[in-house]
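Pasting the structures here.
You will see subunit A twice below: alongside subunit B first, and alongside subunit C after that.
So, the complex of A and B:
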């Protein structure tokens, strides 16, 4: 018990404060200044990185939610081979961000699978450049697809365990009273699923804030997000203070989003566990 | 009235009595369609990357690519494995993941056991502290930790990366082991004690064997957490990268066959692990809410 707390204090709590301390450190290492923060804000890539990160967050979360809910309902319907469907849907739990980025790169690249299939079906005659750096929207869409493919499994598993906690009588009662599938979902299932939904939303948003390798693999440095900027400043430019300023920004954003979810989706607090 | 019209009439009446039956059957059919489509969404990219990784290098740039492969060879994967630095990085990845598993089990499992068995002061505060770590993107802490590790002299070492990964895995280990130990009835442990077992004996002879499959599943997952982690490993290493760190750093200059083989190489063991622990997946997550 105590060792685990001590470990988390040293490797979680302390670095968290250090991130802010480092970001506010004066260039000569003594005293505090907003120098690194100013440097971050005036950097050309900053606005793009922040904008892309927020956009990704807003785009990925609902897409994943719909897919995950669909998967959870399929698993919960106890079709033939219910376990098999669950295993298949859960497979991406083992897929790393980097691998997933490369997998989708093989699909979206100019001579990739998507263009191969489209041309073999006779739908197009020329390869479409999906990862066109002149069209950042398209690149962003491919990142959303890759992230939805990889990280939906976590949400699905949380929702399935949430669904299994809902007594079947509730749903059947609604059915007896003539509620349609949509009405049952909207008025019975979703409200009871609220605690699971909240946990899933919090975790998913935090995952979206730290997207990194998918962007490297698909956008190749032309589109950037906050985590990539932190990496660039630390690894390529060797400036830990500006990198820490980015890290602090990511931490602050995650704090704001978590508090936001806790306030807007109210429910039993213990359910977080 | 012919036999067929009689059957048809009967069928019509049967449906008239149960108006919901037809709708329900339609609903089930739709669910099967959804299940197949969603499975394709998950499996098709995995199939395609496998085909790509096992296409020989001299056919790598064929276009359009045949969905059913015409040339299959392990040459590309072999070429990746022999590329400079890959074997070393592979070793680093495996060792880092094993150290991570070791430390997080040593620190996390006793805490999980205490959480499951004993009501102590500050129990819920402890639980909350553990849970709250999950509301932060822990890997981003690699940046301040890198600065600390340089002063400690463990920057760019296996131990440094493993410590970071342990911070990532430890909350998971505590919560999962606690939920596993809860499922072992306390009465059995108490019965063993009354029959003369020591506390340690009761644990190793009763609790551990019953909890073992779940613990093994959790261990595989912890191992994968470390195996898959990219960002922190990239920040915390320089000359001794893990496999994902090596791949992400060389990605832009790498040939396409190298990239695809790398992806497959990272995927294969992780997917095999998930397949091994498939029966425990729901149990692992249900009380953790990862």
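So, the complex of A and C:
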């Protein structure tokens, strides 16, 4: 217990309070003020960045969750070659966010792979500009697809481990009582999977709030997110206080979502005990 | 992110000749050089009495060479594995974004730390170091390296108006245009691709789009692209004859109206383009403007498919930004001789030829002396650079000077002005007036004077 607490204190609590402290530092470095927060709120990109970040979170998390659950069930069904599926599904885990963004850029760009395929299949005659800044919804959709591909595996891995922790007798008992596949999933598997679901959702939501390189690679800056604005204020505008304010906002949103999940998804651990 | 890089160096016209005045096409060398480079300068020297540090010969350790150039991983690798490969000694080449780079050089020099042997940076970088008195005087080295045939104007600029040389010229570059050869047949009647006006460029793009479908003009409008340099060094000077003092003038309004008309012909994916060489090669874009080093892959890969040509000409001339990079040694370096040895290596003709082949930056010489076995694509680029810098309508324009840690904030104002006026269609005069206030606040914060082509200011530059 003590080592974990020490780890959390050194690598989480201290940097977190330092970030808050920096965000609340007065411009002259002495004392505290809300100056940096005010600057962030009046920044022209703030509303756009916050809106896009939340929108991405809302769009990405459910899509990924459903896909990951399906993948986890496939892996857990212990079909022939299940191990192979696990490796195939987990492949994107080894690819960095930026590399994934660049790969997806080469797919969605005007002369990219997707347009080539569509044209070869005769579905379109002229290339579609998917990454058109005038159609932000389309750009957002490409980001959701890229993110879903890149980070669904992490949820799957968590869910697979949860599924493997469910005693087989529970499922077999349901079978004996004639439960359909859906009933088994709804009344046996999902309730027992709640602790894993909770962990997966917390983790994925936090990652969605931090999304950065994929957005920059696919949208180039016209669609912006909170992490990109933190980067802009730190590296371009050279104001660590406002960058810290943005970072603190990401942190606060992460904390709020985590508490939300902890409260709304009550674990049924005792049933497994 | 990893993709960011800055490779432009402010340059200045040091000749004293009024900018924008037609020059007689000269026998290259000085004048051309001047044009190409103008500027660089500011490097500072601060204090650098040569005696301040004792030279200690060679030294067997690893040299640390810090730079804000070659940030993309492949370029940094070319620097380490190709350009520095022939150096007799170990070099730790560290490339980082301008902010952390400036912080590192400044904080270590001020703290008297001696682990940086060599700095490779832009004019703006050196300007800041100079004003803080962090650089060693390299006059002796400049004299020793007279066989390198550096552009004499660059050497003069490196003195920053004083008597000591603050940096040794390293490389030079500029921004040009490249188009696919198929597009040349669609040029408007009476226009010459080597001397296009801004209006002809838009008409040309319109003709190409009408024939091909889609939008074939391209700008590097990614947040890490160099579109900001197009405004600062090319379109603003060409339309207004200045940059900061004419920022919200009526001719600036005309320039932004032109930009809207050009953008209407531009590929809608332009905000995702960081380098124009890729969309040119794929055919997404047929006509593009960018930094020479961000076009070179297309020209090298398929020299027969592309034509390179100078930036367009506006009402006030052919505004263009020459770029000069320098090599400097911090005063705090424990072994300045080691840094000098590396400068000798980096400026020798063989190394300069490798640099040109690998990363597309030209030697900072008066006459563009190029190796004979050059790829035709690089040769085409070199010819265009020469044509642009010797154009009788040439109007060399410096890039930001002396803004210290506000340099990127200054660039950001041009990016956000573009977003507001062109992407969001906000009213031009009102936007320019509000952005002019932001610019003025930046100048006031660092008390930076104006730079060419704006007229010299007594004290802090006043944004117009």
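Please note the rule applied: the second predicted complex is superposed on the first by the 255 of 273 C-alpha atoms of A that agree within 3 Å, B and C clash if a C-alpha of one lies under 4 Å from a C-alpha of the other, contacts with A are read in each partner's own complex, and residues count from 1 in each chain.
Assume contacts are C-beta pairs under 8 Å (C-beta built on N, C-alpha and C of every residue); 3 or more make two chains touch, one makes a residue touch a chain.
None of these values were measured; they are calculated from a predicted model.
**Q** Under the superposition described at the top, does placing subunit B and subunit C together on subunit A give a clash or a fit?
**A** After superposition on subunit A, which the two structures share, subunit B runs into subunit C.
**Q** Per the contact definition in the header, classify A:95: touching subunit B only (first), subunit C only (second), both, or neither.
**A** The first partner, subunit B, only.
**Q** If we overlay the two complexes on their shared chain A, which of subunit B and subunit C does A:16 touch? Say first, second, both or neither.
**A** first
**Q** For A:235, using the defined touch cut-off, is the partner it touches subunit B, subunit C, both, or neither? Pick first, second, both or neither.
**A** Both partners.
**Q** According to the stated criteria, A:119 is in contact with first (subunit B), second (subunit C), both, or neither; which is it?
**A** first
**Q** Pick one for A:159: touches subunit B only (first), subunit C only (second), both, or neither.
**A** neither
**Q** Under the stated touch criterion, name the partner, subunit B or subunit C, that contacts more residues in subunit A.
**A** B
**Q** Just checking: does A:111 make contact with subunit B only, subunit C only, both, or neither of them? Give me first, second, both or neither.
**A** both
**Q** Go through the superposed model and pick first if A:44 touches only subunit B, second if only subunit C, both, or neither.
**A** second
**Q** Quick check on the superposed pair: does A:202 touch subunit B, subunit C, both, or neither? Answer first, second, both or neither.
**A** Once the two structures are laid over each other on A, A:202 reaches subunit B alone.
**Q** Name the contact category of A:171: first (subunit B only), second (subunit C only), both, or neither.
**A** In the superposition, A:171 touches no partner, neither subunit B nor subunit C.
**Q** Intersection of subunit A residues contacting subunit B with those contacting subunit C?
**A** Touching subunit B in the first complex and subunit C in the second, residues 98, 105, 109, 111, 127, 212-213, 216, 220-221, 231, 234-235 of subunit A appear in both lists.
**Q** Give every residue of subunit B touching subunit A within the complex, in rising order.
**A** 20, 27-28, 31-32, 34-35, 38-39, 41-43, 45-46, 48-49, 52, 61, 63-67, 103, 106-108, 110-111, 114-115, 126-127, 129-131, 133-141, 143-148, 163-164, 166-167, 170-171, 174-175, 224, 227-231, 234-235, 244, 247-248, 251-252, 256, 259-260, 262-263, 266-267, 270-271, 273-275, 278-279, 281-282, 285-290
**Q** Considering only the defined contacts, which subunit C positions touch subunit A in the complex?
**A** 1-4, 97, 99-100, 213-214, 221-225, 267-274, 279, 282-284, 405-406, 408-409, 411-412, 416, 419, 423
**Q** Where on subunit A does subunit B make contact in their complex?
**A** Touch list, subunit A to subunit B: 1, 3-5, 7-8, 11-12, 15-16, 18-19, 21-22, 67, 70-71, 73-74, 77, 79, 83, 85-99, 102-107, 109, 111-113, 115-117, 119-120, 127, 149, 154, 157-158, 160-161, 164, 175, 181, 196, 199, 202-203, 206-207, 209-210, 212-213, 216-217, 220-221, 227, 230-231, 234-235, 240, 243-244, 246-247, 250-251, 254-255, 258, 271-273.
**Q** Write out the stretch or stretches of subunit A touching subunit C in their complex.
**A** By the definition above, subunit A touches subunit C via 44, 98, 105, 109-111, 126-127, 129, 131-134, 212-213, 216, 218-222, 228, 231-232, 234-238.
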